[in-house]
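Both of the next two complexes hold chain A, though its partner changes from chain B to chain C.
Coming up: the complex of A and B.
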């Protein structure tokens, strides 16, 4: 896939860590569109248009597009998802109150844009956090589609991207033996 | 007078100053409607789009070093949406007919944005 250019979209509800994820993964300085939040969302700023980043992985140029999380920006999701090769859908593992909204959002996105996706459960570094297995069960998703992530960790974010490439069956991104045992097999 | 009423007055004044204007939305910079004279069902959507446009416009002018952002203009065959910052906390979207006097709109919007910024503090 040398010389290939791919578009990865990072979405999910407000405060899940999308902007952070794009920043962690991007080789170039990220283009943000943060504005002061007038609502109490647990942080002072929020994305109102998009985050844009880019990285090169195994000779593949990957462009990162982070979406806003609030549903009032749904009109932007459609534009941002056009032509995407994969979707990273982040949910904050310490904010289960956002899960019902997240499920609705994920349903909408995957219905309208059926591309390989991975749900990233962020805040894995915190004490009281839902595990990837618990979130997979809640969203009724197979295990390989849900990964625990620390969105500030470049390696964690990279792993999510690699998982999407694996779903595409991209050569050169072989699943390491310990992950192959879990991927696609029933509980054991 | 409440802030809401003051903002509604600014919207009303802008409308009456320029007949070519067909709608006005004042939104917080994160896309929530503060005041406007669009139909009820359209306010929320217009507020979000106006905020997105304003933020994107400012990001473009910063990244491409075009100086400080003045307006973000969307031009369709049947009319315009012109988006401006109104202080740090708010943005204003002005819908106008095709062939509208943009220069006059810009002038009137300048005083409107100053009033909005003063109201919101």
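Coming up: the complex of A and C.
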């Protein structure tokens, strides 16, 4: 962290919704490095370096860095996580085949970088999807670390950000009464 | 010399049950190592593993035994005159060793994509478990426990215990599933510097009152 600028990293396997998440939160057009995928990954393009967006609130700039999803780009995850105030780790709830690799990467990242994290389970609108509770059980994480997320919903992305701030212990700071009940929501 | 041959014809998984009812030492010569390993057997149990004139302590003995179980060549013979150690007998049931080894081979293949990375740090889980671990897990856990109390990566633990990284990763994965260990998260909330805390608190307030 540096002054009034904060860095949030959005990571996770291919197809989890990282680029969408960055776009949903960002106030600016997302800068991305999508290239045509050379593998069958369920979509035509994939992020090869990073996605970048920014959100400004009360004069604080939150830089949003989306990482590439393939494990072979894991070296970039390390670099991006340096100095981050939070890690959003997205997994697609309808793609359980990606969970083993995701858990490996999450355990690696969170045991090596002192950063609070939330696992966001995307595609919650689909019928066949793992619930946040089920994902928490597989990842062996306490429930507050896992939230169901619609990555296209700015409101859901905001909830994830709030949850990360709760881990910093700043959630008790005074909130205007008319909005307090909304800010306290942490699950879906 | 009642039993002799080559591991290329009789892998140890087949050989051990053959001699399990005897008392003595199954001796195996590994040409490339130039050493003889001795498996002391008594009453269907492995009592000790001896190499270069010394009985090995349990973790090392288990590792040597696993290595021998994987071997596909090496001369062996049974020495009925070799006396098992009178004290500190390992008391490892032969059938249990063979079954666990077979299971480990299957598990290693099955779980290879589920195992933690070498850099992942583990520590003892908060609440100690009371149930009995299988033999190989128990031996590993006993030896690893002091390091896990402090927290250690998979690869560091492998170095400390003289084991392979995949082997340690498999043990830690299973101990994790059983609730004995857990990844040690690096984040320790919340001791941010005052300035950072202030910025984060402002961000919290801005987000809390703003639906974006």
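In this section, the second predicted complex is superposed on the first by the 164 of 188 C-alpha atoms of A that agree within 3 Å, B and C clash if a C-alpha of one lies under 4 Å from a C-alpha of the other, contacts with A are read in each partner's own complex, and residues count from 1 in each chain.
Convention: contacts are C-beta pairs under 8 Å (C-beta built on N, C-alpha and C of every residue); 3 or more make two chains touch, one makes a residue touch a chain.
Computed from a predicted structure; not experimentally measured.
Once the two complexes are overlaid on the shared chain, A:98 sits clear of chain B and of chain C alike. In the superposition on chain A, A:60 makes contact with chain C only, while chain B stays out of contact range. Legend: residue contacts after superposition of the two complexes on their common chain; A:76 is shown touching chain B, with no touch to chain C. Note on chain A: of its two partners chain C and chain B, the one contacting more of its residues is C. Touch criterion met: A:32 reaches chain B, while chain C stays clear of it.
Of the two partner chains, chain C is the only one that A:115 touches; chain B does not reach it. Listing the residues of chain A that touch chain C in their complex gives 1, 3-4, 6, 25, 57-58, 60, 62, 85, 100-101, 103-105, 107-108, 110-117, 140, 154-155, 157-158, 161-162, 165, 167-171, 173-176, 179-180, 182-183. Taken in their complex, chain B has these residues touching chain A: 28-32, 44-45, 47-49, 51-52, 55-56, 59, 63, 88-89. Put simply, chain C touches chain A in their complex at residues 113-117, 119-122, 153, 176, 182-190, 192, 196-197, 199-212. By the touch criterion stated above, chain A contacts chain B in their complex at residues 31-39, 46, 48-50, 68, 70, 72-73, 75-76.
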